[in-house]
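Next up, some structures in structure tokens.
Below are two complexes that have subunit A in common, paired first with subunit B and then with subunit C.
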Partner chain A sequence: MWTFTVKRLLHLIPILLGVSLLTFLLMSLTPGDYFTELAQNPQISPQKLAELRAKAHLDRPWYVRYGYWLSNAVRLDFGYSIAYKIQASELIFSRLWNTFLLSLSASVLAWSIAVPLGIWAAVHKDSVADRACSLIAFAGLSIPEVLLALLALMFAASTHWFPVGGAQGATFDLLTPWEQFCDRAHHLVLPTLVLAASELAGIMRQMRSNLLDTLRAEFVTTARAKGLPEGWVIYKHAVRNAINPLLTMFGYSLAGLLSGAFIVENVMSWPGLGRLTMESLSKKDHELVVASVVMATALLVIGNFVADLLLAWSDPRIRLK
Partner chain B sequence: MSSASSPAPSNATSADATPPLLDIRDLRLDFMKDGRALRAVDGVSLRLGAGEALCLVGESGCGKSVTALSIARLVPSPPARYAGGEIRVNGSDVLKMSPRELRAIRGGVVSYIFQEPGSSLNPVFRVGAQILESLKLHRPEAANEEEVLRLLRLVGIPAPESRLRDYPHQLSGGMQQRIMIAMALASHPRLLVADEPTTALDVTIQAQIIELLRELRRQIQMSLLLITHNLGIVGDLADRVAVMYAGQIVELAPSHTLLSRPLHPYTRALMNSVPKLKGQVGRLSAIPGNVPNLGSFPEGCRFHPRCPQARPDCSTQSTQLLEVEPSHWVRCPYWST
Partner chain C sequence: MSSLPPQPSTPLSPWGLFWKRLRRHRTAVAGGILLIFLYGVSLLAGFVSPYRYDHLDKERSFHSPTPVRFSGFWPAVERFRKVSDPATYEAVAGDLKPLKFLVEGEDYTLFGLLHLKRHLFGTGDPDYPVYLLGADQFGRDILSRVLYGSQVSLSIGIIGITLSFSLGMLIGGISGYVGGTTDTLTMRACELIMSIPGLYLIMALRSVFPSSLSSTQVYLLIIVILSFIRWASSARVIRGMALSLRERQYVLAAKSLGQTPLRIVVRHILPGTFSYVIVAATLSIPYYILGEVVLSYLNVGIQEPEASWGLMLNAAQNYQYLQDYPWLLAPGGAIFVTVLAFNFLGDGLRDAADAKAG
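Entry: the complex of A and B
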């Protein structure tokens, strides 16, 4: 078990190296840099610009800059945001919390509805309710997240029931801790619903088809032949096996939620990691871009690792290999 | 087609007050497919007394497994639909039982072992726990580890203490089937239905499992319904043999009679396709053609397109299962030729 964990964590190193290298390369291949916009300003002399570029090492080739970045990164210094003028890691950690909060609440909501609904649809296969669930699921899968996010904003703007975008109100710092909590929760509702909606449909369909397959398995007949009540047959014997493919899906869904958060965060101005990456990309704030991409990659790999651990815990056949 | 009024073929000596353990009367079962009813079991009648062993023989798709699963109503419905008949277990009809009564029959009176022990055991639970589950349901007073160990010893599992906490995939096919048997016996059933219990196993393991079943039957007073397509193991185990073809019983006789003097052309063809150890080694004869598909059974005698002795009227005249000799039933009017 420990060797497995250590091995997986060691796998993280080449992945992060490759991703950071590729990000540096791709950033350097795009034209312009952070100071290109500044160059349009006639009050700034070319000498001053060159000075600024040299200070940010932008006069050096990309691989030299990558070397600088790497030597700092091993000392857990992930660079400096020239746009925000603070440490990139500090900025990311403040945003990471927002992304994590949104992803987690959307995940919890989606999974806690989708799994029971999928089970129910499989057990009542071909009933009216099953067909209705399928219809809703297909609608959820086919409506683009952008559209759903915009609709949610429209809803918020016209009803005033929810804030239009953002993660906290303007007076947040003046509130008591309890009011702060309520304010955050209030802001969280719509992005969570939008993010959960599309994921919910996928999980539900997956749960339904897994369980339908498992209910045809021979060990289900064995369980019935023992004289177990149908509820036990389904929940103890069938669901326990049908859940395994979903655990693999859970890892991918963590990744999907981060990229999903990318769209939802931007449309609904949620100050998360996805939005930060997008902003830093358009500003050419290259150290911040690399740091957020590396962070997102690490999260993705860790998500997959967690899924593998869950799968090993759930399925004895995997545990022993 | 036999009618419900005809007496069920049996070698039970008397029709006394205690009903037989198992009494299937004119069972008819359809599978619904695209709105059509495809008959899989067509008028099967069988009787099995306490302690008796009956073998149900036939090719794949002849309806023998469906008949056996019907005893505890384990055929998923839909797509299956019972079109008629009765399955009486200890005198009460399984087809009319409530779910609660049915659960008492399942395991309590009838236990099953299946063809693929590997997929019949739940892969995520330890084998000890799966046996214990059966005990908890039917013999809660004996639901403890000692009883599980006793059962594992009974079915010949070496070092049962170390096997208790194994998962099914850690055991060989033969061991898995022994676990299945232990689980089936845990509830003290009066009838064990073994649905092709050796088909998926190696030949040497097959012999061990058959030997185990015979030994268990000697130790425990228990009836056995063995489903197989292998006539070679029939003589070892069964008191009587029923041969099924296309959803019907075509021949029913005590096993030594059937093996020494098969009367139905299908039984004869089936026996010619079993390799013999004695005598001249020639080519095995295969039965020409295939088992007819559900829903497209031939008119008249269902075996006539493949029958070497078929006559012109075999394709038109429907056949009856008749007792041509004492306790020897045959569904062929030309059995004597």
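Entry: the complex of A and C
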């Protein structure tokens, strides 16, 4: 298990290096930089502009800048954001935390509803309720997140039950810690529901078909032939075996989850990495874009790594290979 | 009905079996028929829509949907008058104007070459507008814009899968067949692309190109970017299939006949992956549709005055508008129906291609 863990962990390094290099290259190809707009201002002299550019190392070729960036980034120091005028690390980690929180709560919600529902649908295969579940799942798979998020905003605006977008209220800093927690949770509800809704359908369908496959296996027939009660056969024998492939699915679904979070963040103004990426792209703070993309990638590959570990832990054939 | 099904005298070909299983899948057939209808309407968008996508009517900003009434047995629309100024409209009871079919209106171009003036329906009287789905901020008919926008959304998926699956098949096939360093390098590249969460990479790639491009250029750019990301996952699967197919007798035979590796890959290995490709391609069309929607919604896709479903949803991002004029969400419904039809069809194709499901 340890060699497996270390091997997979070492595998993450070239991926993160490659992603940062690729994004940095893309950003250096982007037309204009943060100071392009400032150059329009007649009050700022060209000398001053050149000075500012030099201070941000923007007069150097991209690979030199990448070298600077990387040597700081390995110490988790993302430099000074020229667009936000604060330390980029501070910004990045608060946004990373928001994206993580949103993805985590949506995952927990989606999985805790989808798995029991999938089991129930498989056990009651071909009943009216199963067909209804499957139709609803198709609808959930097909409804675009943009639309769902807009509907949620519309719901919030017309009922006033939930805040319309954002992650915290205007008076957040004046609240007691407990009120702050409630305020954050209140803001988290709708984005979580939107993001979970699109996740839920896929997991439920997968769980249902896994369990149906397992119920056809010979050990289930054996268990039934032994005269075990049906509930015991399903929950003790079949479900345990049907859950394993879902761990693989968890790894695969993460990329979709983060892309979904990107949309939800941008539509519902949830201050996460996706929103930061869009903001820093429009402000042309290119190093901040690189940092956000690398952090989002880190979230994805670490999530995959955790899924692999869980799979290896539950299935010895994988870790011994 | 006899108790035994009649035995076919000759066994069906694999494709025959595939069609037979597909036809039994009711939702897949429904999805397929719906798609044929949507594509038909989209091709004839200029004719079916009562107005052009850029028909402005500033006097009727946010005009509410005009329901179809009946005067006698003939469908008609009511006249609406403005009640209060930003935009509240009220039907004038009894003031009906019958709908005319094949009515003369604004000129449009069909299939890029026919210049026509006749529209499927309309009133032919500018005082009695037909806004079946309401109007947007500039008084443009939403139904017409949804129909014109469908030309973007429905074509983007087809061109996208053609591009990305050709790339994926060629690269994956060669990588699996040749093996060695080529294989290692390609697979590392695929892993790199797949380890960046999709939309982050899409936005980074989009920002490399100037933001002020014409809608046609953006359209092509979106297809290229989305395909550039998507080829990686199909290449990986096809590489795996090629790895096992290259050991088959017929491939060894082709090799001993002295055929070139490229010819072996294209003529002998790739045909073996077709059933996977058809299913995976159908199921990945929604990815292109939704990709365009997100890019246009975030203002880096198709630009005004052209119509696209994502761009139209962008007008609905102001929740004050959304509350007062919920018909702005109509393009969202169009996206939902189209993606649902593709998912139904793709699901049926997958079951039909999966021989063990029977």
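We take it that the second predicted complex is superposed on the first by the 316 of 321 C-alpha atoms of A that agree within 3 Å, B and C clash if a C-alpha of one lies under 4 Å from a C-alpha of the other, contacts with A are read in each partner's own complex, and residues count from 1 in each chain.
The working rule: a residue touches a chain if its C-beta (ideal position, glycine included) is under 8 Å from a C-beta of that chain, and two chains touch if they have at least 3 such contacts.
This one's a predicted model, so the numbers in the text were calculated from it and none came from an experiment.
**Student:** Using the superposition on subunit A, decide if subunit B and subunit C clash or fit.
**Tutor:** Superposition result for subunit B and subunit C: fit.
**Student:** Mind working out whether A:Arg240 is in touch with subunit B, subunit C, both or neither, as first, second, both or neither?
**Tutor:** The first partner, subunit B, only.
**Student:** Just subunit B (first), just subunit C (second), both, or neither: which does A:Ala129 touch?
**Tutor:** A:Ala129 contacts neither subunit B nor subunit C.
**Student:** Is it subunit B or subunit C that touches the larger share of residues in subunit A?
**Tutor:** C
**Student:** Check the residue A:Ile44 against both partner chains and state whether it touches subunit B (first), subunit C (second), both, or neither.
**Tutor:** A:Ile44 contacts neither subunit B nor subunit C.
**Student:** Touch test for A:Arg224: subunit B only (first), subunit C only (second), both, or neither?
**Tutor:** So A:Arg224 only meets subunit B here.
**Student:** Would you check which partner chain A:Val267 touches, where first means subunit B only, second means subunit C only, and both and neither mean what they say?
**Tutor:** second
**Student:** With subunit A's C-alpha centre as vertex, what's the angle to subunit B and subunit C, nearest 10 degrees?
**Tutor:** Result: 80 degrees, to the nearest ten.
**Student:** I want to verify one number: the closest Cα approach of subunit B to subunit C after the superposition, in Å.
**Tutor:** Distance of closest C-alpha approach: 5 Å.
**Student:** If you look only at subunit A, which of its residues touch subunit B in the complex?
**Tutor:** Counting only subunit A, the residues touching subunit B are 217-219, 221-230, 237, 240-241, 314-317, 320.
**Student:** Given the complex with subunit C, which residues does subunit A contribute to the contact?
**Tutor:** Subunit A reaches subunit C through residues 14-15, 18-19, 22-23, 26-27, 29-31, 138-139, 141-147, 150-151, 153-154, 156-158, 164, 255-256, 258-259, 262-263, 266-267, 273-274, 277-278, 281, 289, 292-293, 296-297, 299-301, 304.
**Student:** State the interface residues of subunit C toward subunit A in the complex, per the touch definition above.
**Tutor:** 27, 188, 191-192, 194-201, 203-205, 207-208, 210, 286, 290, 293-294, 297-298, 310, 313, 316-317, 319-320, 322-323, 326, 329, 332-333, 335-336, 339-340, 343-344, 347
**Student:** If we count contacts the way the header does, which residues on subunit B are in touch with subunit A in the complex?
**Tutor:** 69, 72, 74, 99, 103-108, 110-112, 114, 116, 119-125, 133-134, 137-138, 167, 169-170, 180, 183, 187
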